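Both complexes below contain chain A, partnered by chain B and then by chain C.
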Partner chain A sequence: MPTRPARPTTRAAGARPARPVEPRPSEQQRSEDDPRIMLDREISADLYEPIPPYPTRTEREGEFYTRGDGEMFINIGPHHPATHGVLRLVLKLSGEQIVDVDPVLGYLHRGVEKICENSDYYHVIDQVDPLEYVSSLFQEWAAVLSFEKLMDVEVPRRAEYIRVLSGELLRIASHTLYIGFLALDLGGLTPILYSFIERDEIVEMLAALTGARMLFNYFRIGGVNGDLNHEFMSRLGDWMSRAAKQTEADAALLNENEIFVRRTRGVGVLDRATALRFGVTGGNLRAAGVPFDIRRAHPYSIYPELDFNIPTRDEGDSLARYLIRVDEVRESIKIIDQCLHNMPDGPVMAKLPRLLRPRPGRAWGACEGPRGMLGVYTISDGSDQPFRFRIHDPSFMNLETVPTLLPGNLLADTMTIVASLDPVLGGIDK
Partner chain B sequence: MPASGNPTVDPAAAASPGAAAAARAAARSQLAPLGPGELTAPIVVPNTLWRAANPLAYDGGRPAEITHLREFGLTDVGRRDDARWGALQIVPTKADYILDLIRANSLWPLLSGLACCAFEMMSGATSKFDMDRWGMFPFRASPRQSDVLIVAGTLTTKMSGPLIRLWEQMPEPKWCVALGDCTVSGGRYKRSYSTVQGIDRVMPVDVYIPGCPPRPEGLIYGMLQLGQLVKDQRGHWPEREIGPTVPDKI
Partner chain C sequence: MDRNLKRRLEARLDAQIQGPIRQRHDQTEIRIKPGDAPDVLRTVHDSVDLRFEILADLAGVDTGAEMQVVYHLWSETSPDWLRIIVDGISRDDPRCPSATFLWTGAEWLEREAYDMFGIIFEGNRDLRRIFMPPDYTSFPLRKDFLLPDDAARSPGEGVRHIERPYGPAVVADDPAAGVRRAPAS
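For the complex of A and B:
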């Protein structure tokens, strides 16, 4: 990794650790107290250090688990109140300064891609829901876009409007949660309480529309599952009357907080070149000054007809990433307003056969989720199940930058940086 | 996985208890006998369902012939502290009859979100649903300070080891709530190769809350049911299934 700062190493790269790590003993021995009992051999306290109980497998692993002078390891996660799920970070510290970091993933690997490849096209939409579980409509949207390209399905305009409307609502819910959790990880308990008021309100109105609060299963190939109903519209009207004012007030709680600003400004600067090299998308990339948004760059649905801005910032630090989200909430409210004013009449579903058997081929569908580009690459072999269903998740690309951003910072800034990148472990581990 | 693995009884050596039994008898005789009706009257769980972390508790890990704890408490072996709840570091007494009333009204959950259901759990804890009204709010980050493990979200095979360790680190008395379809039975990941098909395969569960994910009201209702369960089980600790049921291979 080129951007990791060079540090003095006394040993050759790839050398065995200074402290030899024994493989975990498997032999049993007889208990001294009761000879009838066979015990595992006493395992030393080293097990609880984050050193893997096997010989190092790669050069990088050997480099990381070799301790220099005065360096120590500290393990964060997978159970930790501030890791946004079951992320595990092994930090190598020198004093209070982070020298190196080894992220350990896979604690939420559920094999979704494999399940999708064994489901037919209608069922895939349900199966991808729990990946991006904070904003599951976008994951459905990516899958549906890919399938519609594969099958040349024309989506009715009203369905497109409903998709954009519900999607932007969920984007606001996701961003308000982001703001709350960022503050929570910095030690402020209050913003999360306001965030969940907004999130619950949005999710309840989507529950009136879709029937579920979280895993919606609402989008269909060629449309959406149901038309707008009265309860949704009345809840939406109530909320829209105060949404702009309320979100401004919630943001002001942090914007004007000196502790928050001083703990995020200049922390974890993700520069433009690094972000592009790692494939970072979404708000994290726009905070680094690149105005890349799938809604503009590769337009889909009705976004070309809508009037909205792509907010960008140049700093690339944690504060910029937070402010981008605040700006995007404003833009989303604008989009919702336009959708409500221009909503056409008509059907919400295209006519499709019961069993979908697309021609052999491949299709890439991508949409702009709250965390960046959510993509799905489908390969069809002519049967009713996708031959290959590849999910590109933006959280994974965003989290990839953590080993670059963390070294040089203090231990207390770990959570600032990780939270400001907004990872969702469901999408990362799939 | 726990540090000390599961002990296995060697059938060849089972016939000769040897000098260890005599040593234990000598140690037993040094303990002061308890008077009748003392607060520390022992209550012991028969070890038929699970294996203790310390294999020497429960008289060498044998399945107990005595099923009623009161009988066991009257025997000499039963008077030993480590023979009762030694492995669990707890001695339930008649005082617990009162204490469980307090516990039932102040169940402190562990903040352990695994996946999607964690957000509904947090939603239940924050402004709108506010579980604090029933004394359930303080989501503790440390297992040492919590009473209830709410397993919120899919439990994968890789995460099951850390989760079992969390469960073992929680002090008794403790309860477990399975939140969501994935933890109840496997749910939508019944076909997956990498998930645990229901957390009752790895730990005892007191309350199951189905739903994908359940609404926060569902969680609150489940926690109220758990409070009722705690009240109902006062004085019936023997019937409770406690301790980790850790299989060799998950």
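For the complex of A and C:
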């Protein structure tokens, strides 16, 4: 048992002491954050120490860690349920208002780019899987798009249809999870339960198709790993018969909730010009009024043949970012319907050698994931491993706006804004 | 391939483009010198017939002989991706002008390129490590940073510490040892 310093003797209930008890300097010290508070030495060793223990490295870091009058630091994370992973935010507060934010990344850094540069081309696909673990098919998709351009591989049409079909299913799963977690971060427990029902049905049917529930490792250079099977089709048919109705019901749970709408409307407004300057993509950019979606802006796969809309909104606040996701789920259901009606017959893999040694060259492949543009830039030097494998993750760019969006808001709105940007830390930290 | 884009780029940037404009699949590629980077980026961003407003990616590359900074840009005026390769950056003292004056979002991308390659972006006011811890002393994606278990290529040396914390960079004894090099192209 650690010994604790002796407390002042207990007094009769309700009685105030005649004069404040002076602390003995050997046992107590003033708090860094609030000089009026005295802390036990033993406790203060475990308290959050806001100033980094090394000299400030940049102008911006020095500016952030200089405390103005009445300002204090608060640390959120890295282990915090509302940061969607291991994100750490150092907030500078004045009262309850946020003055400045410094996100600290890297708690989940695994060096995937380096690992990929030391694996062969087939192996890369399962290395990139755990990046965006909520929607891992899209990260595979970006990698195979880049490799297929590098090697001039033509993908069979049936494989393209299966890619779009499974991808759009996963987009719905990711968006329903986003909607549930956004509500959960605002204190609403119910929507996450319904979200997980939807997500679970989708990952179960994808498990029937690919063999895994989360890290699918399904796309291959030149096609997909396996053809559609009976269990997948029967589960999908089951789900499609009520998907549209169910998603409307789930959306109504939040759209008509006054607390939810009042806590998100007008909070964290990201306007069009700022979003473009920050390189934000995906639903967050479309909520700011820019109709930029790689599926239409730079079409790949069979998307040019499909009929769907790109929903946009002009408000750019957290509510708009949520409503964009709801609209995208509707569009994805339309796409799945068209895929099922037009699915061609044929092979699902192109014929490729076992050992891939692409000609020296460079290729950039990008696809539209649920969070925005996922890109992969590959350089080949003629060997069986990529010479350079660069992964561009949309969450990284979306999270970068947090230091711009947060200041001026209340501490409680941190959760709204971060959750509405939909970061996945597995992708951000690579 | 967008032949029209090639003509427009030649008309606007003839003096700055090094070598031929390469086009393959849906990508148009130009090479420039580090000093020209701010001018070229501003031209492709602002010209009415180019308007590459979306910064899709900023990547550092270590070719084994030199460093590169690679920009991927998107514009609604062209069906192609525009790739701008800033090459000829020295490996011993890699420096490149920052793109933050056009895209604020480049700040974190440049921090990442600095963290992984040690490229100093002049003009970025927050150039510190982003993924690796602040007292880390090496640049992991450089080609002379060898994975200890990479039996295929490593001469068994493992991590080479080329940067002291808070001090000037230490030049490695033999910077070319065991370095995988990109083909000349």
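Throughout what follows, the second predicted complex is superposed on the first by the 383 of 430 C-alpha atoms of A that agree within 3 Å, B and C clash if a C-alpha of one lies under 4 Å from a C-alpha of the other, contacts with A are read in each partner's own complex, and residues count from 1 in each chain.
Please note the rule applied: a contact is a pair of C-beta atoms (placed from the backbone, for glycine too) under 8 Å apart; a residue touches a chain by one contact, two chains touch by 3 or more.
Note that the structure is predicted; figures quoted are calculated from it, not measured.
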Exercise for review: Mind working out whether A:Arg277 is in touch with chain B, chain C, both or neither, as first, second, both or neither?
Suggested key: second
Exercise for review: In the overlay, answer first, second, both or neither for which of chain B and chain C A:Gln127 touches.
Suggested key: first
Check your understanding: With the two structures laid over each other on chain A, which partner does A:Arg213 touch: chain B (first), chain C (second), both, or neither?
Key -> first
Check your understanding: Is A:Arg390 contacted by the first partner chain B, the second partner chain C, both or neither?
Key -> second
Check your understanding: For A:Leu182, is the partner it touches chain B (first), chain C (second), both, or none of the two (neither)?
Key -> neither
Check your understanding: What is the contact status of A:His79 with respect to chain B (first) and chain C (second): first, second, both, or neither?
Key -> first
Practice item. Answer with first, second, both or neither: which of chain B and chain C does A:Ile98 touch in the superposed model? Key: neither
Point to revise | Touched partner set for A:Ala143, first chain B, second chain C, both or neither | key: neither
Exercise for review: Go through the superposed model and pick first if A:Glu400 touches only chain B, second if only chain C, both, or neither.
Suggested key: second
Check your understanding: Shared contact residues on chain A for chain B and chain C?
Key -> 106, 109, 111, 114, 118
**Study point:** chain A partner contacts - residues on chain B that touch it in the complex
**Key:** 3-5, 7-10, 13-14, 16-18, 20-21, 23-24, 55-56, 60-61, 111-116, 118-120, 122-123, 126-129, 141, 153-154, 156, 158-159, 162-163, 166, 188-189, 191-195, 212-213, 215
Review point. What residues of chain A sit close enough to touch chain C in their complex?
Key: 52, 54-55, 57-61, 105-106, 109, 111, 113-114, 117-118, 149, 274, 276-281, 292, 297-298, 360-364, 366, 373, 375, 377, 379, 381-382, 387-388, 390, 392, 396-397, 400, 404, 429-430
Exercise for review: Could you please specify the touching residues of chain C with respect to chain A in the complex?
Suggested key: 24-27, 29, 53-57, 59, 61-62, 70, 72, 74, 76, 79, 81, 83, 102-109, 112, 116, 125-135, 140-141, 145, 147, 150, 152-153, 165-166, 180-183, 185
Study note, to complete from the structure: Counting only contacts in the complex, chain A reaches chain B at residues 28, 30-40, 42-43, 47, 78-81, 85-86, 106-112, 114-115, 118, 126-127, 130, 133-134, 177, 192-194, 196-197, 199-200, 203, 213-215, 425-426
